[in-house]
Structures are given as structure tokens and as C-alpha cells.
Amino acid sequence: MGNQQSIARFWGVPLFWLFCLVIATFSFPYFEELFRQVAPNQRQVIYTRDSFFALLLNHLSLVGIAAIISILLGVSSAIFVTRSYGKDFLPLVSQIASMGQTFPPIAVLALSVPLLGFGALPTILALSLYGLLPIVRNTLAGIQGVDSAVIESARGMGMSSFQVLRQVELPLASTVILSGIRTSVTINIATAAIGSTIGASTLGDPVISGLVNGNTAYVIQGAILIGLLALSTDSLLDRLQNRLSTRR
Amino acid sequence: MTNNTMIELQQVSKLYEQTAAVDAIDLTINKGEFCVLVGTSGCGKSTTLRMINRLIPHSAGKILIEDQEINSFNEQTLRRRIGYAIQNTGLFPHWSVERNIGTVPRLLKWPEKRIQERVVELLELLNLPYSDFAHKYPSELSGGQAQRVGVARALAGDPDILLMDEPFGALDPITRESLQNELLRIQQQIHKTIVFVTHDMDEALKLANHIVVMDQGKIIQQASPYELLLNPATAFVSQLLGGEDRGLKQAGLMKVGEHMFAAKSSNINNMVFNSLGFDISATEQLASVKTHDSLRFALSVMLWHQCDMLKVEEEQQLVGYISLQQIMQARPHG
Amino acid sequence: MLGIRFDKVMPLLTGASLLSIWSLDYVNLQPNRILPGVGYSLQDAVGWWWMFIVTTLLISAFLLSFIRLPTKRLLQLLIVSLLLVFMPISLSSFASNHIPETLTHARTGLGAAFWVLLFLLVLMLIELQQKLKLSRLIICLISILPIISFLFAYLDGGLETLAILREYNARSDQFHQAVKVHITLVSGAVFTSMLLASCLVALMRKVEAAQKIIFPLLNFIQTIPSLALFGLLIAPLGYLASKSEWLQAMNVSGIGWAPAMIALIAYSLLPMVRNTFVALEEVSSSIIEAAKGMGMSPLQVFIQVRLPLAMPVILEGIRITTIQAIGLTAVAALIGAGGLGNFIFQGLGQAAMDMVLLGALPILLLALVADLLFTSAMALFGRQSTRSGVIN
């Protein structure tokens, strides 16, 4: 029971933000009077073009799909360039991963439109491309950070290269990799919100539509949900990272 | 080749870009032998060791383990049969001591119960109480404890051969000595074939029964510790042995028990004492040493107490005497 | 025995380049802004003679990878530089060959092959820099070459049909204004946050408890997406402005520069404070002790020892902050702060891709220049410093 208490305390912060997010998603219509104070001149003060829940789901699935693509691609390419058969590519890939983060995400998003057009698909592609960089960089740092004596003794005891990777390198790099994933997802939640401007339906919609029509109430509704989504995801990943690193 | 041979290197070389790190060496290591490769850094001793478990592929020659060329084995199967311990322990920081030791048994797919028993057995062998250590992580161990776990892990799969690459190199002198003693004790029990690399000649003399001196990729001399001390083949070897210091080193290899005269009835003692020109009445005040102390230690005690005769005691009981003259005349057996 | 191994990177990149120029459109031509464009391959665009030269150069670079020649990478670098110089010239050559003087509204759009070739050439440049272990300075000098050839082609009049330049010429005043606003917002935010960060760090070094409040707070702000933070600032600022004439006089309102500036500063504080604090704290205590032991006063220790040793990491903080602010300022265009983001969002609204490029490319360029400036400064300050920086 002491254990249960500590679990509750450990997951408390993300649970709190998640709770707020769920409440906010469903309760805005009940605060119509409050929002009318903010935007007294507007006929309508609650965003109704899509339900907030649908927008949240859409936002999450954009970020989620992009994250899955970047994690799969990022981790496997970092693994590839640290194996003997891919080491030719290591300098180039690590340089791109560190230079690429110089590009502002909004510029990458904007540039994807002339190449790919409007809609959800270009957004996902832009997000996964940009989200790749921190993951590649951290996976590289994590794998290269493993003590060479540890690798040598793993090989010396007769582990196959795959066993060394699976049982030694990846577990030891996992905290750093997860921190890269966290950076990537945090950036992507923010960028996906801006994705509204290139025609992806996300929680950015109320904000953009509010800005265009001068309806501050819409802006606030969208902004609160985006903020809560970012806070819950970030704190969740923070806790996960924490668990991984305290296991040793 | 006789059945007694465990590892045999025939004209083995390792080339890096045309320069030879190891240059056509021949070496035969017998079963149960404690073979120490010794030399300065860059002499090829570590390379030689790693060629035996194929961490480094050899460029030329043959390496045989129990008459079979090592390249005929699957790389991983070969390594699982050979224990391997290195200087920085290489313990997996994300696994507990228990899991670390169980690595090779797990790779060999032993049943879980047998692995568990093996871990308990090994921790006991290395004087690490199971309840205190099994669930610790490497970061919670001292240097000496970590190295003990490293040795236990190397022994876990019950390999016939144990390769050790300067395993005690990073330890402080006191811990190092106690681990050396520990290793000798363990070897008494398990009789593995051990190949051990070090740059420390004292360590080599203490542990080995077969010393291989290497320099610039070649074997300069191989012999038992006594032979090496008595007849260093080149100036380089005697320099490694510490030049004129080697008298002391030799004395360090001999035990008091093997060179003392045992205490008999007081009459006989008297006779011996008289023949040595010694006054029996002074024996009560003599300083004492133990039978398994080295002659070097006995000599040091004499110098300290400014005397030329010591009592040898075991558990407070007088068992014999040793004199300066005996130390001077002592020659290694065998 | 295995044969001699060859590096696989250059063959891959050159091979992909060949494939792209032989299979994709290099440019496309629109008679005016509305009509759809017609694609031209590189061969159609610049003639078979140029096509032959480019192909030969790429094949040579490809084949050089498999030759055991000590200078092969330098030769490849030469080829890559030549091709980079060629790219602006090719556009001007296209214009003179294919666009009659009568088509005064014709626009040249850049095709997939152009972008792919440019991207691959830049990758080759980076690859060769890494493998030859050249300093970034040399690469910067090499990248000046295509810029020079671009300027030549531009002044020669050969590039005026280029869509992005048409767009620029149509609104050059607006563009210059936007660049000015963008840089002002970024430098204002970075500078203010530097001052604020110094105060916060000083406080944190004096009062340990302050760390426990400041870091979580700044982390919290950093986590909130930019669009949300900009949006959340509108209502309170608008309210304050409506109540205070003084604020109105300063042109503060719920939208515009004020919320943008506040948000930019808030975001800039975390990297700035974190790097400065960590850098100052992590100067080795034995060095500080040695300085004290030689009789330096606390102020001397700080100015002569602690600060200079911490400088590379502090500069890294300013670098991260600046690059981040350049991107965030673009988003701030949504709340009416102006800057280059305006072109992006206007362009997106009108589906005018050239206008989007007119906003996005300069933003990219600004970020790259800022990165270069700060990495050079860091190299000057601490030769031991790396660009790894701090990863959350």
C-alpha cells in the first residue's frame, strides 16, 4: 500500500495534466458565459466547427504517426551507421543530425508545402522528417557513449552482434534515446498545431480561426488544449525517462 | 603434440597495414597451466591474448585449442567456452551482479535453476556473500569487488580456458595483492588453463608457472619463474626482472617452510646451534615468521631486528628456525 | 582475403544525383502567375552540351571513389564546387534559351531535380568536409563561390524570371521591412533575455532555493507550444492595454509586437539560464582553488577565471536561443508581429508557393548565418569546446 502511494506520487504530475486535458476537452461548452466576457462582440464564443475531442484525436494521431515513423527510421539509421557495414555514413549522418536542428521547424513545415502540397500527409512527413533529427542524434550519442570495455567483454563472452546490440547497447543507450524522443515529440506537438495553416486539422484550428476572425475566445480554447496536451505528454515522457534511469 | 596440450600457437602473426603487431610466435600452453604473458605496452601480449578468442583475427599461422584450429569453430560458440576478464571489468552497468554472472550460462541456455546455483557457487568461491551482493548493480561495488565479479562472470560457463587481460591493473596495491592471492587459491581448486596478460613482472612471478616474455611482437623467452630469474636470456629480460633486484625477487618466490630446519628435541637443536656458533639461550627473544612467509619477508624481518636467526612459528607453536646463512644458500627446488 | 574496401557514401550520393538529373524535371516555366507550368529536364533546359559536362563530372566523382589515389577526395571536392557554381548559371542559361522577351510575366520555378541536386551536392560537401577533416571555414569559403555565381547571374539579368525573385521584386519594400522587423524582434528578445538571465543566474548562485523555483518554471514555459503561448497572451495583454493609456501610447495590444516579445523572451530564458548556470557551476573547483590560492579576489576569480572558462557553454546557450527565436518569430507573424513569417502565412493562405519560399528561405538562411557566427565565436573562445551543447 505504501507502494501504491508512491506510484500515485510518481505518476501524479502527468495524471494531473491528463485529467485537466480531458476535463477541458469536454467542458468548454459549459463555460460559455465566461468566454463571452473575453469576446463580448462575438456572436458565437464556443468553437463548434469540429468537436474538441475530434481535434485532439486528430492532433494526437498526426504526432503519433510522425513519432512512430521518426523513431523507427531514426533509431534504425543510427544503428546502421554504428555497425561496421554502415560506418562510412557515420560522419555524414551525425553532421546532418546536428546541423538539421538549426533549421526552424516552421521553415521545414512551410517548405514541405511547395514540395508535397496541403493537408495532413505533408504535415506528417514534415513532422517525421524534423522529428528524426533529435532521435538520430541522441541514439548516436547513446550508442557511442557505451563504454568500449563493456562491448568488448560482451563480445568476449560470446554474444553475437545482435545480442550485443539488443542486450547491451540499446538498453544502455535507452535513457538518452528516450530523451531524444521526448524532444522530438515536444517539438512536433507544437509544430502540428501550426500545421493547421497547411490544412491539417489539429488543435491549432480554433487558434488560427480565432486569430483570423478576431475571436479571442476561440484562441484561448485552442491554446489551453494545446498547452495541456504538451504538458501531459512531456511529463509522461519525463516520468518514463526517470523510470528507465533509476533502474540502475 | 601430447594430450596434455590445451592451447597451441604455431607461427601466429597479426599484421596491421604491413607492420606486425605479433610476429610469427610459437607457444604451447598445457592443461591446468597458469601462463602469464609479460612485456611492456605495445609488445603484442594483449593482441596475442585476443587472438585466442578471436576478438582479433590472426593474419597468419594456426591457433589450436585441443588440437582444433579455432577458425573451425563458430566464433560465438568458441567464446562461450573461454572465460574472459579485462582490466576495466566490462561489467554491464544495467544488470545486477547476479545477472552479470549469469550472462554466459544464459547464452548457453542453461536451465534457470542451474544458473541460479552456479551464481551462488561462484559468489561463494570469490568471498562475496550472496545476500549482500547478488542484487547490487556494478556502480555500487568497489573496484576490488567489481573485479571479483568480473572473474566470477568469466568462470560462470565453467570454461576450460580463462583469458585475463591485466585484470588487476587498475587496482590499488593492497586490493591487487589480495586478489592475486585469491586467484591462486581459486586456481588450486579449479585447475583451469589460465592465460594472463600483465606488464608487472612481480605479478607474473607470483602467479605464473609458465612465463612468456614478449617484446616487439616476438617471444623473447619462456620459462618457469625460477628459471627466468636464474637465467634471463637477454638484457631486456633481466631489465624487466629489475636487474640486481632479482635476488630479492627470487627470495620472494621461496617459502620459509621449505628452507628452515625443523625444531627437534632440544639436544639436537643445541648441537645445530653450536655448529652455527649460536647461543641457544638467546632463542627466547628471537623474532618469528610463519612457514608460508617468503624468504624475502624473513630477510626483511632480520634486517629490521638486526639479527641473523628467526623462529618459525605456526599457531603460536614453534616449528623451526631459519638463519641468514640458510637464506643465502637457498636455491629453488625443481 | 577480401578485396580493398571502398567508401560507399560518395558513390551513393553521386549516383543519386545522376539519377535525379536524368529522370526528374529541373525547372518549370509558367507563362504567368496563374497558368500551370511546363516542366523541363536539365537537358532540355541547358542543352545537351551542358548536360554532357554535368554528367561527366558526376560520373568522374563516382568513379574517383573506387580509385586508390591520395588526392581523390580533393578532386571530388573540386567537382562538387564546380557543380555548385554551375547551378545558378544553368538557370540563367535556361532563361536566355527558352523565355522570349515578349513573355514579360513568365516565371521560372525550380523543379524537383534542381532541389534534389542542390541537396545532394550540399550533402557531398558535408561528407567531404568530414572525411577530409576540413575546418568549417573552408566550407564557408567554398559555399561563397555559388553565391558569387548567383550574384553574377542576377546582375546579368539572367535570373529575373525566377519565380522567387519575381515575388521579391513585386514586394521588395515589404520584404526589407519584414527582414528588419524579424531581426529586431530576435535581437531584442535575445538581448533582453541575456540581461534577465544574468540576473536570474546571479540570484540562483546566491540563493540555492531559487534554483528549485526558476528551473521548473522555465521548463514549464518551454514545454508550452508557441502557438498556445502566443494565443494565451492575447487576452490578458488586450485587457491591460484597454485599461492603461500609457500602454496604448506604446502601441501595446493583445496582438502585435508586445505579446510576441514577451513570449520570445520567456522561451529564450530557459536555454540561456540553463547554459549560463551550468557553465559557471561546472568550472572545476581545483582551478578555482588554485586561483584563490594565488591571491585573487573573488571578483578577479570570477572575471579572470570562471567567466572565460564558462564562455563557450554560455555562447552555446546564446546560439540555441537565437536560432530558436528566429523560428518562433516566424510563428509570431500569426499574432500580427510582422517579420518574415508574414510571407509564409500569407503565401499559404493564397496558395502562392513562391511567396512561402520568399518567407521560408530567408528564415533558413538567417538561422544558418546565426549558427555560423556563434560556432565561430565559440571556436575562438574555447578550442576545446564541442558543438554538442546541452541535450535535454
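We call the chains A, B and C, going by the order they appear; numbering starts again at 1 in every chain.
The rule we apply is simple: a contact is a pair of C-beta atoms (placed from the backbone, for glycine too) under 8 Å apart; a residue touches a chain by one contact, two chains touch by 3 or more.
Treat the numbers as computed from the prediction; the structure is a model and nothing was measured.
Visitor: Provide the labels of all chains in contact with subunit A and in contact with subunit B.
Guide: Neighbours common to subunit A and subunit B are absent.
Visitor: With centres defined from CA atoms, tell me which chain sits nearest the overall protein centre.
Guide: Centroid comparison flags A as closest.
Visitor: Counting only C-beta pairs in contact, which chains form the busiest pair?
Guide: Pair with the most C-beta pairs in contact: A-C.
Visitor: Give, as an integer number of Å, the spacing between the C-alpha centres of subunit B and subunit A.
Guide: 55
Visitor: So what's the Cα centroid distance for subunit B and subunit C, whole Å?
Guide: 61
Visitor: Approximately how many whole Å separate the CA-defined centres of subunit A and subunit C?
Guide: 22
Visitor: For subunit A, which residues count as touching subunit C in their complex?
Guide: 38, 88-89, 91-92, 95-96, 98-99, 102-107, 110-111, 113-115, 118, 134, 137-138, 141, 176, 179-180, 182-183, 186, 189-190, 193-194, 197-198, 204, 207-208, 210-211, 216, 219-220, 222-224, 226-227, 230-231, 234
Visitor: Which of the residues in subunit B end up touching subunit A in this complex?
Guide: 53, 55, 75-82, 84-94, 103-104, 107, 137, 139, 150, 153-154, 157, 163
Visitor: Where on subunit A is subunit B touching in the complex?
Guide: Counting only subunit A, the residues touching subunit B are 147, 149-160, 163, 167-168, 171-172, 247-248.
Visitor: For a test of understanding, state which residues of subunit C touch subunit A in their complex under the given definition.
Guide: 7-9, 112, 115, 123, 126-127, 129-131, 220, 223-232, 234-235, 238, 254-255, 323-324, 326-328, 330-331, 334-335, 341, 344-345, 347-349, 351, 353, 356-357, 359-361, 363-364, 367-368, 371, 387-388, 391-392
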